[in-house]
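For clarity, chains are labelled A, B and C in written order, and residue numbers in each chain start from 1.
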Amino acid sequence: MYRKTIAAICALTLLLMAGCSSSTSKPADSAQPSTANTGATPEKKQPDPVTITFWHTYSADGSENKTLNEVVIPAFQKKYPYITVNAVIQPYDGLHDALVTAAAGGTTPDLMRMDIIWTPEFAKLGALETLDGYEGFGQLKSSVFPGPLATNAYKGKYYGLPLDTNTQVFIYNPDLLKEANLSAPPKTWDEFKKYLEAFKGQADKSGYAPGGPYPWAMLPLFWSLGGKVTNDDYTKASGFLNSDASVAALTELATLGKDGLFAGTLLGGQPGTWDGYKAGQYGALLDGPWFFAIMGNDLKGKMVGAPVPAGKGGSISVVGGENIVMFKSTKNKDAAWKFIQFMLSDEAQVALAKTGQMPVTPSASASPVMKEPGYYDAFIEQLKTAQPRTPVPAWNKIEKVLNDTFEAVFREKDTPKSALDKAAKEIDGLLGQ
Amino acid sequence: MQLSRPGRLLLLAIVALSSFFMFAPFLYMVSIALTRYAYSLPFPPRLWPAEPTLENFVQAWTSNNFGIYTLNSLYIAALVVSGVVLVSSMTAYAFARFEFPGKELLFRLLLFSLMVPGMVALIPTFLVMRDLSLLDSRTGLALLMIATGVAGNTFMLRQFFETLPRELEEAVRVDGGGPWTIYRHVVLPLSQPALATAAIFTFLGAWDDYFWARTLITTEVKRTLPVAIRLFQSMHATNYSLVFAASLIAMVPSILFFLFGQKYFIQGLSTTGLKG
Amino acid sequence: MSTPLAPITLSAEARRYRRQRQLEPIPFLVPGLVLFAIFVLWPLAQGLRVSFYEWSIMPGAEQHFVGWANFRRAFQDPVAWISVKNALLYVIVTVPGQMFFGMLIALGLNQAILARTFWRAVYYLPVLTSWVVVSFIFKYLFNGGGAPINYILKDLLHVLPEYLDWTQDYWTAEVAIISLGIWKGIGWNMVMFLAGLQGIPRELYEAASIDGASRTQSLWRVTLPLMRPVILYVLVLLTIGGFGVFISVVLMTGGGPMNQTQVILSYIYDNGFKYFDFGYGFALATLLSLVILVFNLLQMKIFGRKADY
């Protein structure tokens, strides 16, 4: 009885383990060295079939994921019948961790659509493939907007290409504009201030609701007022982030906050920007094209896009969007590169533009599709001057420093000058990393 | 120690009143789930939507693969619950009733493993799973969750087993029964409340796991319910009505499992067959 | 603690019997310990080793051994101290809070009252709801002038002179975070204590009442002492869980205002997975484990002994 028990338990343990290993994932597809030479004309000789895995975060409930799987990928496979694209939709929550883990395990996918701010850090980590040497890279590089492209560079090389882009524009409610006795949205900073003054003292109304002290929400205003985070090469913050112009910009923002000209959302107050805007309490906010797509039914005629009010620095917004990158671990470089090329073609760019993804090439942006929803014009115009958030590997940390700096000033725990001095010093150290 | 009838009535009133505090936030979740679409929580607040709708529940349930994901979650949870209860009760029995070299050291090691933040082990665990070819496997995921459940449940069950009276075991020994007989016919039947507790919490842990399922499973059809719910959250905006409705659907099996498990909370169980 | 049967004589028979009894636990131990060693212990040891390195996660990358440097840095890091302080505050308030209410409700719902199963399920509901969802709800309940909590406290109960912006001030933000922690945990405690209450033989209460003990006396003299192992388990586990508070803080306050509500686990996470400073992040994790260990050893010293009946 007793021996039997031991034997049974050992057998059970072994069985469990064996049962699991039999259900393993299939071995990675073999490399395709032959296609590298003959790949340009796949019809001549039928190459061996390959499967490439593509991770993405196109939204599941909207039309994005559907268009990818039912329009874009079939079109690609028609062109390259020997390539199967395994597109895997990923939840955004925890994606960064899953990717870090996969990189450590050497199990990254072949390709991925990733947030533009991630590309430099994964390039530094050594997880991404350099694209400079690929056939036709130079041509693709010159065919996309320079702003989004810049987020793919790390130490003089390119680790990806922009796939879609966006920015934030000044979205205002015409009803509240009328209340402020204006017939057109504020174009300059002085007009903006006058507009804000019109709501001063009104407990439940505010001309403008900032998203918060974090860079995505604050940088457009800071830049437009003439502030700078670093030099143009992203190598130095001292002398830029704490320059007189930057200090003046932050002082101006802090004054507006202190005087109650901004809504309480500046420091996390309620209602949130979207609720307050919907309730007609907030006259304007900065947001991306998704705002129009989501609010379309609720706010018909109550939202119009305009350029960010121009200060000393001009009308400067912030670039968002996604890049498409290839991982070093891929064994199907040729097929993966073909997919990248295809995703940047007008065919794919226009198909996805119909779902709300703004194209990264001027040719696709000129497509009549972009005229249809009626709100893209403001974004396309704003993109011409929009700037990326500092595209360096340490951005996550820089973002935290900027957020804490802005918050400290808005809460009057520090003065703009001293806060920016400290931040510039800290960011100097992070830029070299 | 049962109360008298008026005492019980008073108690019922207190229980019912204070349950409101437990229930109110939950009620609020239901109310959001019944709202047409809420990309933000409504302002000013309201406890019940003006026009309640079941739309979100229908949309969540009929969205891509929601049914398959539910089956995957059920499969994994079933494996994990049976695995954890079996393995942990065996280990706990050994710790509660035997002396062996290094016993307390081993037990402290189990305990210490609970104190180290799990994220430290994320990457090394992933590498172990890769080396054992257990990536992207539902059974592999379940095996990992069984393994990670051993320490906590062994600790809990040992605490319970040590309160069991020893007289019955000695009786079994005298009758010539071995440890397997004692485990099977004395320890397990006498520990039903404890085993039910372990099962209830293990089910919830396995059912709700997002962390491991997210990291280890890469094929869409093998995914679990929590991953599917997270897909409703997107980067720029989240439709809370849909997320809350999907979460409510996902709670139903956990509630059923709790109702099933708590039946084993029967007072005085351990006295049966004792000193009769 | 258990002791093996003392051998009466040391005959060959007895010695064989004793050796056999020493082997008896092995089959019970093997499955659990093997799984534990492969999937838990080995990865944990690997992770803790990173504390002594400047670590790159990429396979094949060169790793730099830095000795105690990461630990020294931790002691000089003001954010680390703030976050440990907050985690401590959370543990010290939520652990007894959950246990007190959990015990109270378990005692109540152990009585044969009407619809007992239903009430048990209601108190268990918060445990079932995901942290993400309840964090959103609590944030909403507490946040801003129009928050429901403000309405109840000022307009209904007149306890507050004016509306509070709960998440914008350190102490009120902690109140919000801690009340979520207690609310979410009561059901778990209830289940543990209910299970514990089942193990107490009815005869003991009968004996106590024959001896003339009042209800309160038998609670203190019979129920609680017999529940000691369960209470110890709950205490240890809640302490571990309390130091691991993370999601609710991130979602409710984001560590703000001004990082004042930051907790240690989110700081470890940021350093590791966000800034790729795994060596430093995991050194903090190692230190945290030691803090928890000290806490738990103290708890076991105080509550653990006298567990034999």
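The rule is short, and it goes like this: a residue touches a chain if its C-beta (ideal position, glycine included) is under 8 Å from a C-beta of that chain, and two chains touch if they have at least 3 such contacts.
All values reported here derive from a predicted model rather than from experimental measurement.
*Asks:* Using the definition of touching given at the top, classify the network of chains in this structure as line, ring, star, complete or other.
*Replies:* Basically all the chains touch each other, so complete.
*Asks:* Compute the centre of every chain as the mean of its C-alpha atoms, then state which one is farthest from the centre of subunit B.
*Replies:* A
*Asks:* Quick check: which two chains are joined by the most contacting C-beta pairs?
*Replies:* After counting contacts between each pair of chains, the winner is B-C.
*Asks:* Between subunit A and subunit B, what is the separation of their C-alpha centroids in Å?
*Replies:* So the centroids are 37 Å from each other.
*Asks:* At what distance in angstrom does the C-alpha mean of subunit C lie from that of subunit B?
*Replies:* 15
*Asks:* I need the residues of subunit C touching at least two other chains; which ones are they?
*Replies:* Residues 24, 26-27, 31, 35, 57, 146-147, 273.
*Asks:* Which residues belonging to subunit B are in contact with no fewer than two other chains?
*Replies:* Within subunit B, the residues that touch at least two other chains are 41, 43, 122-123, 127, 132, 143, 178-179.
*Asks:* So which bits of subunit A are touching at least two other chains?
*Replies:* 2, 5, 97, 100, 104-105, 270-271
*Asks:* For the complex, which residues does subunit A have touching subunit B?
*Replies:* 1-2, 5, 16-17, 19-21, 23-25, 53, 57, 59-61, 88-89, 91-94, 97-98, 100-102, 104-105, 107, 115, 270-272, 274-276, 278-279, 288, 290, 294
*Asks:* What residues on subunit C touch subunit A, complex-wise?
*Replies:* Residue positions touching the partner: 20, 24, 26-27, 30-31, 34-35, 56-59, 61, 143-147, 165, 167-168, 256-259, 270, 273-276.
*Asks:* In the complex of these two chains, what residues of subunit A are touching subunit C?
*Replies:* The touching residues are 2, 5-6, 9-10, 12-13, 96-97, 100, 103-106, 121, 125-127, 264, 267-271, 394, 396-397, 400, 404, 407-408, 411, 413.
*Asks:* List the residues on subunit C that touch subunit B in their complex, please.
*Replies:* 2-4, 21-22, 24-29, 31-33, 35-36, 38-44, 46-48, 50, 57, 105, 108-114, 117, 119-130, 133-134, 136-138, 140-141, 146-148, 151, 183, 186-188, 191-192, 194-203, 205, 215, 218-219, 222-223, 226, 229-230, 232-233, 236-237, 240, 244, 265, 268-269, 272-273, 282, 285-286, 288-289, 292-293, 296, 307-309
*Asks:* Would you tell me which residues of subunit B are touching subunit C in their complex?
*Replies:* Residues in contact with subunit C: 1-3, 8, 11-12, 14-16, 18-19, 21-23, 25-26, 28-29, 41, 43-45, 87-88, 90-91, 93-94, 96-100, 106, 109-117, 119-125, 127-128, 132, 143-144, 146-148, 150-152, 154-156, 159-160, 162-164, 178-179, 183, 192-194, 196-197, 200-201, 204, 208, 226, 240, 243-244, 247, 251, 254-255, 258-259, 262, 265-271, 274.
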